[in-house]
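Chain lettering (A, B, C and D) follows the sequence in which the chains are written, and residue indices restart at 1 in each chain.
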Amino acid sequence: MKGNGKGERERGGLELLRGAEAIGLAALMSGVEAYFGYPITPSSEIMEFMASEQGDPRFPRYRAFVQASSEVEAVNMLMGAGAAGHLAMTATSGLGLSLMVEGISHAYTAGVPFLIVDVNRGGPGLGTTEAEQSDYLLVTKSLGSGGSRAIVLAPQGVEEAMEHVNRGFRLAFEYRIPVVILTDAIVAHMRETVDMKAVSSELVPVDPGDTGWATRGKRGRAVRNMLTTGFLDSRDLRAFKEEAMRRWARISAREASHECYMCDGASTIYVSFGISARIAREVVDEMREEGVDAGLFRAVTLSPFPAAGLSRLRGRGIRFRVMEMNEGQMYHDVREVLGPDEDVELVPLMGGIVTRSEV
Amino acid sequence: MKGNGKGERERGGLELLRGAEAIGLAALMSGVEAYFGYPITPSSEIMEFMASEQGDPRFPRYRAFVQASSEVEAVNMLMGAGAAGHLAMTATSGLGLSLMVEGISHAYTAGVPFLIVDVNRGGPGLGTTEAEQSDYLLVTKSLGSGGSRAIVLAPQGVEEAMEHVNRGFRLAFEYRIPVVILTDAIVAHMRETVDMKAVSSELVPVDPGDTGWATRGKRGRAVRNMLTTGFLDSRDLRAFKEEAMRRWARISAREASHECYMCDGASTIYVSFGISARIAREVVDEMREEGVDAGLFRAVTLSPFPAAGLSRLRGRGIRFRVMEMNEGQMYHDVREVLGPDEDVELVPLMGGIVTRSEV
Amino acid sequence: MKGNGKGERERGGLELLRGAEAIGLAALMSGVEAYFGYPITPSSEIMEFMASEQGDPRFPRYRAFVQASSEVEAVNMLMGAGAAGHLAMTATSGLGLSLMVEGISHAYTAGVPFLIVDVNRGGPGLGTTEAEQSDYLLVTKSLGSGGSRAIVLAPQGVEEAMEHVNRGFRLAFEYRIPVVILTDAIVAHMRETVDMKAVSSELVPVDPGDTGWATRGKRGRAVRNMLTTGFLDSRDLRAFKEEAMRRWARISAREASHECYMCDGASTIYVSFGISARIAREVVDEMREEGVDAGLFRAVTLSPFPAAGLSRLRGRGIRFRVMEMNEGQMYHDVREVLGPDEDVELVPLMGGIVTRSEV
Amino acid sequence: MKGNGKGERERGGLELLRGAEAIGLAALMSGVEAYFGYPITPSSEIMEFMASEQGDPRFPRYRAFVQASSEVEAVNMLMGAGAAGHLAMTATSGLGLSLMVEGISHAYTAGVPFLIVDVNRGGPGLGTTEAEQSDYLLVTKSLGSGGSRAIVLAPQGVEEAMEHVNRGFRLAFEYRIPVVILTDAIVAHMRETVDMKAVSSELVPVDPGDTGWATRGKRGRAVRNMLTTGFLDSRDLRAFKEEAMRRWARISAREASHECYMCDGASTIYVSFGISARIAREVVDEMREEGVDAGLFRAVTLSPFPAAGLSRLRGRGIRFRVMEMNEGQMYHDVREVLGPDEDVELVPLMGGIVTRSEV
């Protein structure tokens, strides 16, 4: 893995990778076949990387790169490639993702797998191009109408972002569902040392499994499959939803994940995700040094939310501090789990601004 | 209010109105100036009515009707008219609304008022054209990225839908925020008797108030105002969000509304909204006849959610049954308010199907 | 006709009007009902004027103004309004017109009347925003595929532009055909004195005549007419084309028009149109002063080309000088009429640049 | 060249090829690198063939295939690939080509090479899906505004269509100009025997030559070239046009081509192109058998028109019959060359219908 701006140094398998390139590289290593997108800061570096990787002989499965004319078009290209059983991905930011939710709703309904990387910028509106985590509600509550949803992963750094790309493709095909990686401008733009030896052993090409459901054309043969998102009557819709609920229950039981850091016996526990969980961890370390028994509960999957794991911390008199780079979004999921009687305080790092006195 | 298919019978001020036409008529009576939209079942009758009303001399303020080439375009037309201080509206359904959320995020950020009527069809995806309430999460949690939101009203019938149109325009201009009316295919298509005398006294033209903020051009004068949704740096974004939080706190304190029906002393309380609240009320009546002391908590505003009102019912050993035409969406708001220790059960009327044994 | 920036001075009915505003005013006086467009320099002033005239009580027939999202959309709006029998217009420039030719082809085929003002800028490509006459071939030869065409008028100044707007609407409805006014950046932007008294008597609202062919919907009645541009088989297409040829022969016989200035006995005759014909006239005047018996043949209609009028000048040993602001476009029509044996020289004012020594 | 539906039989290098596939195959053999398009009957088979050829190891230069969301988008993709110095092509039909002319105007101005195959269907409007030659004016007179043009080739059968694809790419890069192949539904859909041995020796990959002008990005290097279609002032535009005129004069002198068949001493000469030239040739043969000394002048390039070749036939008392599948389009070019005194008659095969008594 040398040259081409992908790695700046190599020493014993360690490589200094920028988040955006690492995400693209992870996709290639995972066997991504198609990238469709429309540029938007701060996600554009991923797209640029994928553009530059066209024709790289190390990744022969990577065959299609298209800059669509809009995010609406891009998501429908994802739909097309995913429906044909191919590994397809895009990267975007909040406003772009907003334009994709109608398409995601179709993909959720038809069981079409693909991967979307949301590099969260400040919002709402044009907002800023700096980091926030304010797309939490958008990605976890309703990616489109009618209760559409996706699996959402939230890496806290470059190496985990790479792992999440691989995991994302696997989950997308295992459950035939769109997967979103919610990351942000900090992770996408920072450089971190990645243990490429370790990563390479994990980031093996994803096997899409039995894609007998896919709508692949073939010369001289009628199209076998039909993927549709409409239902003849309400009973069909209901049946679909009941099945979708069972599928989601399986996903929740198996895939919801979190990390506890020094939670045992902690009197103060930060609840956080992604890049702000890293900040929280530093705060915890400092507090520990100061003699305060602090801990950290980090949600790794945001959807499904690791409710069971968090619930176990109820009733212990813990002071919870929900730290997120927004005005309080995951906060509501935490409150729902912990209930109104627990001591839960919001630490809203709005605008992505971390002020020492607040955290 | 006669002729033109708007009212079928008149007797002492009573008129039999179809929901879609009633919504359009209420908009005209409220002084709507512009309608922009793209047709989608089951909302299209509202658009057709507004198309046919062009040039009606009774409503001289109604000046512009445009069928846009897509929902993306329609919402940007709403943005334009609203930014100029005009009363503008659209009607759509889930998939169409999904395409509008990027625009709504800009409107929320720039403080641009307009009214969107979401006639909920079955979803996700194309779903069905029958009624559901499965856009609850979309309209209350994630109207775009970065934490965008709107005020959401949920009428339970034709006459209330008319009142909500008027209230919606007033709220939109008072708080300079988009307003969504979440209704459904049943309300839009059913005919109900409306007391036009009473309605007419309420549905007076909405005064947009001081629109000194609006971006109205004028010959020979430079544009005075600039409405933007981007921020120079994160501190500006943070300042905007702090102000937006204060605005939302005011909205929550003043505008959150609900209705209690026989809640006092009830041992079983249905929690519901919109058309399913009407079904719940019938169930309550039947239960009361059978000697069960049942009640109904109806959320009239979905966003802000009437948390304070609901919270008062905690700790009384009540059995709560959340009835909604989806797989459980408002259910999470209810759980967040009531906490994990209350007895809260979901009655999910998925596909809009009401089965006696389930409710 | 005072105020509103339309006329700067009034003295005995004389008014100083800018070309763009005069064109818009003429449209309003002619009873235009709808304006659809997309801005492009140097035509945008027409659109701006039409935007500002919305709601002017003097022109109650003017009901719809829409800035479309592209020229493709604008021409399809023209198609819709024209198909319903309404007077509709747009203004654009070469690149914008290029995007409209597919729509014009449909209008030509379905017999849908509307008016397009092409304010010629320098081209090809983005070219310049200065005047040229280089859209001659586009408007006279190839407004779309399959031999689509339009009637094309070429005014030489502001007052004639106003007359052409009125004439254009009349021709469009009389022959059910699109009409193009080919003008340029000079005419659109210059101010000229217009005799409003004379103009007002001419620019009366255009009667669309019997529009029994139009596709007007009406409540409770099935759509009566069908306007289509497709044919079931080649014989139907052939029959349509034969009828279209007969229609065009009638148009050519009745509507082809030109002006001769001092042609009798002239040994040198300029052949020109639009603004360059005015320059040519000045040249003729100067040459006459210098004793040269020069003359001017000005094509007023470009399509149909006034071939019969020009043909009469054959065989007289005249030296023809075709002066046009392009690289030689009308030149070919002139050559076709006059034949290879006449002395025909091109004076190509490319880039709209007039160099004394060349003319 | 076997299998894959490209050739049905092979015998001594002879292969039965369908026009559409032959055109695609010729493009691949010529080294085409990118295909962008939007389907329209009767051109879609070319696009389908190019879609199916993705990844064919025999044509490693062929790297990109995109079905754009419209012809407007497709032509801009051609612009992008051509501007980067790549061999790119599309196929379309009249209405689709109409939507491309704005883009072609930019390509003509910026000197961007690409190849467009226009499979002429009946027109104007939707017309029919059968063959016509009614796009002649569109492709030869004004592919966009401001005097844009392209080189236009008109093959009369499958094998010549293959040669024209190769010649088209060569001309496009030699002169840095868009090239159009005007063919029709008959040629695209008929099967003809092609001498693959002969064709293979001719259809060698086209060398794009020195593409130092191309806008190729490269990591770590600033973009070297700027291709623009706008000019700072009219003098720049004029200078461009003067150079463009010189370029066109070179093209006309070197590339205009025609075929004479039994023209020497003929008293009746058919003037024709493409598929109708083949019909004319049969007519000539029959007439010869009947003792009439007929001949055929076939225009191989339509733009530049082979005026010099045709002009040589003037003044010989020949009866010219211009036979084309339209209402008389090339007829005007013929008239311009021959002049009003020659005996020139139009044989308009409108709707693509050939009636024995008419030809």
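Keep this in mind: a contact is a pair of C-beta atoms (placed from the backbone, for glycine too) under 8 Å apart; a residue touches a chain by one contact, two chains touch by 3 or more.
Molecules present, by chain and UniProt name: A, B, C, D = 2-oxoglutarate oxidoreductase, alpha subunit.
Nothing here was measured: the structure is a model prediction, and the numbers come from that model.
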- request: Could you run down the chains that neighbour chain A and chain B together?
  value: none
- line: Taking each chain's mean CA coordinate, chain A and chain D are separated, in whole Å, by 49
Task: Starting from the mean Cα coordinates of chain B and chain D, work out the distance between those two points in Å.
output: 57
- prompt: What parts of chain C, by residue number, touch at least two of the other chains?
  reply: none
Task: Select the category (line, ring, star, complete, other) that matches the graph of chains linked by touching.
output: ring
- prompt: Can you name every chain pair that touches?
  reply: A-B, A-D, B-C, C-D
- line: So, in the complex, the side of chain C touching chain D is made of residues 72, 93-95, 97-99, 101-102, 105-106, 108-110, 121-128, 130, 132, 134-135, 137-138, 141-142, 144-148, 228-238, 241-242, 244-245, 311, 314, 326-327, 329, 332, 335-341, 350-353
Query: What part of chain B is in contact with chain C in the complex they form?
result: 4-5, 52, 54-55, 63, 66, 68-69, 73, 219
